[in-house]
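Here chain A shows up in two complexes: once beside chain B, once beside chain C.
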Partner chain A sequence: MLISKEIKNIDGVTEVLVGMGTELNIELTENLGLMGPEMKDVSPNDFFIAADLDSDETMALVIEQVTQLLSQKKAESGSDYQPVSIAGALDIMPSANLAVVSIPGQYAEEEVSKLLDNDLHVMLFSDNVSVEAELFLKKKAVEKGLLMMGPDCGTAIINGIPLAFANKVKRGPIGIVGASGTGTQEVSALIDTFGSGVSQVIGTGGRDLKSEIGGLMMIQGMQALMADPETKVIVLISKPPAPEVAQKILNMVGETQKPVVVDFIGGDAQMITNAGAHPCSTLEDAALKAVALARGERPVDSDGFTVDESRVNAWIEDAVGKLKADQVNLRGLYTGGTLADEAMKLLGSSIGGIYSNIPLSPEYELKDLNNLSGHVCLDLGEDQFTVGRPHPMIDPSTRSDRFETDIDGTVAVCLIDVVIGYGSHEDPAGEVAQSIKAVKDKLAKEDKSIVVIASITGTEDDPQGLEASQKSLEDEGVIVLPSNAQAVRLTKEIMNRLPKS
Partner chain B sequence: MTQLLLSKDLQKYMKKHEHVFLKVHSVFKDAMNIIDDKGNLVTLVSPNKDIAPMSAQVSLGSIPNQHLESGELVEIDGDTLLFPRLNIKLNFKDHEIWNPDYQKRKTDLSMNQLESRVMALKDLIETHGQLEGIVELIKYLDFSVPGIVSTSVKQDLNQYADFIEERVLKVLNLVYEGNYELLKEFIPRFVGFGPGLTPSTDDFLLGLIISHIYERRKRGELMKDIYSQISKVVESTEEKTTKVSVEMLKHGVRGKVSESYRLAVQAMFYDVKASFSKTCIRVLQNGSTSGSDYLFGVYCYAQLRLKWYREGGI
Partner chain C sequence: MGLESFQKDLISQEVDAVQMNWRPVAGGNPKMIALLNRLKG
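Coming up: the complex of A and B.
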């Protein structure tokens, strides 16, 4: 409310004007009958109060009230105090026991080291941190019994609080340690969908299971979950670790009575089984097995569809029927790297080689990202696409641009992920739906269509809403499957019905 | 941690002056103005506040600003700003540079899209804006009568809107006619009115100016041509309004405004991905009436644009 209006509410005040002493404000003062001799000395940079009131006491009250209203803002400034140092932050919040760090990577070692010295767990969101720095910080954390999640750790849920990119997942008996951001999101969100929940989701950063780091944080995280009474089942997620690191981690399975589900995406299943853990073929499989074990049920392998078979067949027939003979290529446009990786692994060589910026083998490395041919699957979150712009989970325009450039009349199926939740764009499904509409309009001019298959990583409680996101996509004719694995399976079925690329 | 920003023009000023003394001009909850002896105004804002021309984001929490007084000495030495009495130093070396200049966006809006944005903006201003000042006029402005901007029948306008109504109409009609010579003569009788350190009419005028620049640039006009046309409009404001406003308008005619103001005008005239309503609501939360007055200006200019189009002009 304007100060003048607020002051006018004081008993004894008939009229008042508060403002800067500009010509027009003084003219208004005169119009309101508030001019006094003092006003002739007021200049545009002077503040004035002109009032018609009943007594000197009321005037004193007015001055006091105006001063209070003006200085109120200054006094409030302490409430949003932003400390300039870790020491300052700890002074005002001495009970803090976890810090999220997101600063340029070259400064991270020094700042994180200070936090660990102050006995704080750390989630290090920053990337561009050297392997040496990571090793130093993780060793320090282990010595002090702390977590040092990261660097480049984008997902965690600690005591029910989602940090960075994470979904609103119900609390429950399953603890996750993940070295892969979107992989961890997919598993935790599916656990929620399957009716269970998570106790803790601990990130490690993508390099943790490489030989140089030795899985220090996955081991630390696993020990934390083993000791946590809320956690009944432990899930470990990572791209295939260095063999000696995998062995070290799997050796720990024998140290706990809690069932352990392991998805070393595309890793050695026999090694996992031999260790007494439960191997998984997909992220969805990991979620299903974890939920079954948490319920005391026997986990079974899942490699099919959870949607009705007749519906799947109808999708396949419809897709094959509407494509032209020269539409033979696949485009995977992923915002989540692990989901893109899982897609390529599940498709394997069944449809022919898939070119990528994160290829499964070097001969399929894309040389020119601006000139695509054959089957292509892109991780749009990689550095090639994020220079000077945010990650595509935050800013969907990266993928929108690729829809324009990468989909032509040779493409039969476009496979996508939509990751919702905290940290993600406010409506990624709506954005991608717009891109799909545009690409369909473009292809219609060639009398062609395209099949778009998607999965959504998220929960109904996420800010964007799972159901609302699904509707946005389906309204644009997108086939939406409940998981990335199922979306890939349907893609495979359709692609295998088409002439080879 | 938020990356703190330093505006490019302030960086240039600091490089040029190297060592200069300034004084505290005004102190607010999340901002502080300091001024040099030539009248150049430098603004320090909290990291949660908009970066603006000639400003820097600093952790104002580190400065006990309730103890700062108008006239207090401030020193700029290289890339460091000092408050000698309080022995506080702020260094801008690691600040990211923010460029306040005009920025074109990729895709234009069609006239139909512009029309729906105009209606949406009116709704937003009426729902979320501060209507206790001059913005109340938005309810009564009529752009539909060919050749003129007028007002429809009004009821009980607040004192600010009532006082300024005729002058707002005069300004809008001069802009509509493209009569910048008369506008230049009239502006001294328009600026400096309303509450706040940047009085309402000045924020309104800024909205018109920035919209004019973005809309004209969109259609290919050169900045130097637009500048030569409108800079004279604000030449004679010096004695008529506050120092802070004069500086704001000087930046404005060069197309320089704070980040949220820039985003709002881009959202008005270009097909941007950002949520239009969120962008505008952020501006409406600015100051007591400033954000509302500014968007009122943007709204009026967009209405004029539609009017020109409807009436067979540009």
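Coming up: the complex of A and C.
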């Protein structure tokens, strides 16, 4: 995948795929329109290059570069032996107690089963794993007192170590069990921002709270946090669970003295209150309440800004002042699905219907991902945008492309998330800033400007640095709020002052 | 098992982590895998 990316940068190359002749790679080749008659003879043991380019000379250059890159790769990893079997890996590291698995989904069940047999906890990042496999693996894990975080689990922080897509968060007394990756990242990073820290952040995978799985990992995680002496406050994060699963989990609240904060994003708040737990209106609200409880304070509902009111008013006035009368649309371009979902839920019907690839209701499903009109909020991490390309948190170019195609003279506000931390690109804010500059230059030709509102999910201890990332964005005129909730609130205030679209 | 960047990130934080050189059984050939499973089964 990375070699393909490098080769694509060669002048004269329009599209390219480089790899072994596995079924997956052949499928990708088809999807990219690079199939040729030679491909039918390619077997999984063959290495192939499929390219759409302008000349034979360019192809020769491509072959040369690929050869160079391959031998470079070998030389780099030559010094560290990479075992081919689990037994081999455990020989090298007998003290291993956790495995991170990100192989194609159809192979995951067997490998994870072997890992659990060897008494390792598992973080299963892979998706396209069947419900049956997930249930089998989770039951096995529960029986053995192990964690099986996933499938489709991208975020965990165990003993202070961020795993896969996660942030470097200060240690502290708040434990989190989360079914949503970016939701968990947002809550844990905000806990750090608001001056507290986390004990453990356990992922469950996106499907855990559906009735077929019954919340097995959320229950397992919650029990672990209930028993953990370092954890004083428990936070649960998920999209609304199946009702009987929600009830099962909420029943556990009564079994612990520790305060429990529950964010079933947009779910039934009364049910949570009745169970003796603290419901939340936003991910930021969950973080604020957890921090208050950790300090022995009464948790309060949050709804407003933690930024000075005068600054907020100045942003609003400035925005309304500079937008032209035909600039009425919202474009949300998100890399984190939960954050996009939170944005749409918070905006509700206040600005009118919002089209999306993850719409709140079916009549707002985007039929055509090109030629956008009206209000749109996209989750660019969803499958339709990630065929044959890495997730936009790793590779910002998907979103860069959308900045070009989706922002036109009818757009008033562009709302985005910028997720930093481990797993993310080395400088997401820098990449976004570049895209914003290009968009602004384009609109300036129509004598128009645009309002870009962002929040950064991350901490100062992340490799990219929260402050440095904020500066990159602000230098390009982006308004940066401390949380997704506040970014959405500002968006709502501005949009409501504009003529209706 | 899988994406090397996950292991590299751990190493950069001075966490001991071993990267496996994982390949699907039989090079991912589904016919071969089915045959092997029948043998095992």
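Please note the rule applied: the second predicted complex is superposed on the first by the 422 of 501 C-alpha atoms of A that agree within 3 Å, B and C clash if a C-alpha of one lies under 4 Å from a C-alpha of the other, contacts with A are read in each partner's own complex, and residues count from 1 in each chain.
To be clear about the criterion, a contact is a pair of C-beta atoms (placed from the backbone, for glycine too) under 8 Å apart; a residue touches a chain by one contact, two chains touch by 3 or more.
As the structure is a computational prediction, the values presented were derived from the model and not from experiment.
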Item to check | Touching partner for A:Ile63 - first (chain B), second (chain C), both, neither | outcome: neither
Checklist entry - A:Ala99 contacts which: chain B (first), chain C (second), both, neither? => result second
Checklist entry - Regarding the shared-chain residue A:Leu32, is it in contact with chain B (first), chain C (second), both, or neither? => result first
Checklist entry - For A:Pro44, is the partner it touches chain B (first), chain C (second), both, or none of the two (neither)? => result both
Item to check | chain B versus chain C as contact partner of A:Leu163, first or second or both or neither | outcome: second
Item to check | First (chain B), second (chain C), both or neither touched by A:Val300 | outcome: neither
Checklist entry - Thinking of the overlay built on chain A, is A:Ile3 touched by chain B (first), by chain C (second), by both, or by neither? => result first
Next on the checklist: Just checking: does A:Met20 make contact with chain B only, chain C only, both, or neither of them? Give me first, second, both or neither.
Outcome noted: both
Checklist entry - Is A:Tyr422 touching the first partner chain B, the second partner chain C, both, or neither of them? => result second
Item to check | chain B and chain C contact sites that coincide on chain A, given as residue numbers | outcome: 20, 22-24, 44-45, 77, 80, 82-84, 88, 101-103
Item to check | Contact set on chain B toward chain A in their complex | outcome: 1, 27-30, 46-48, 59-62, 65-66, 130, 132-133, 159-160, 163-164, 189-197, 199, 201, 239-243, 273, 275, 288-289
Next on the checklist: Can you tell me which positions in chain C touch chain A when the two form their complex?
Outcome noted: 1-7, 9-10, 13, 15-16, 18-30
Next on the checklist: Touching residues of chain A toward chain C in the complex: what are they?
Outcome noted: 20, 22-24, 43-45, 77, 80, 82-86, 88-89, 92-93, 95-96, 99-104, 107, 111, 125-126, 161-164, 394, 422-423
Checklist entry - Quick one: in the complex, what on chain A touches chain B? => result 1-5, 17-20, 22-25, 27-28, 31-32, 44-45, 71, 73-78, 80-84, 88, 101-103, 395-397, 426, 431
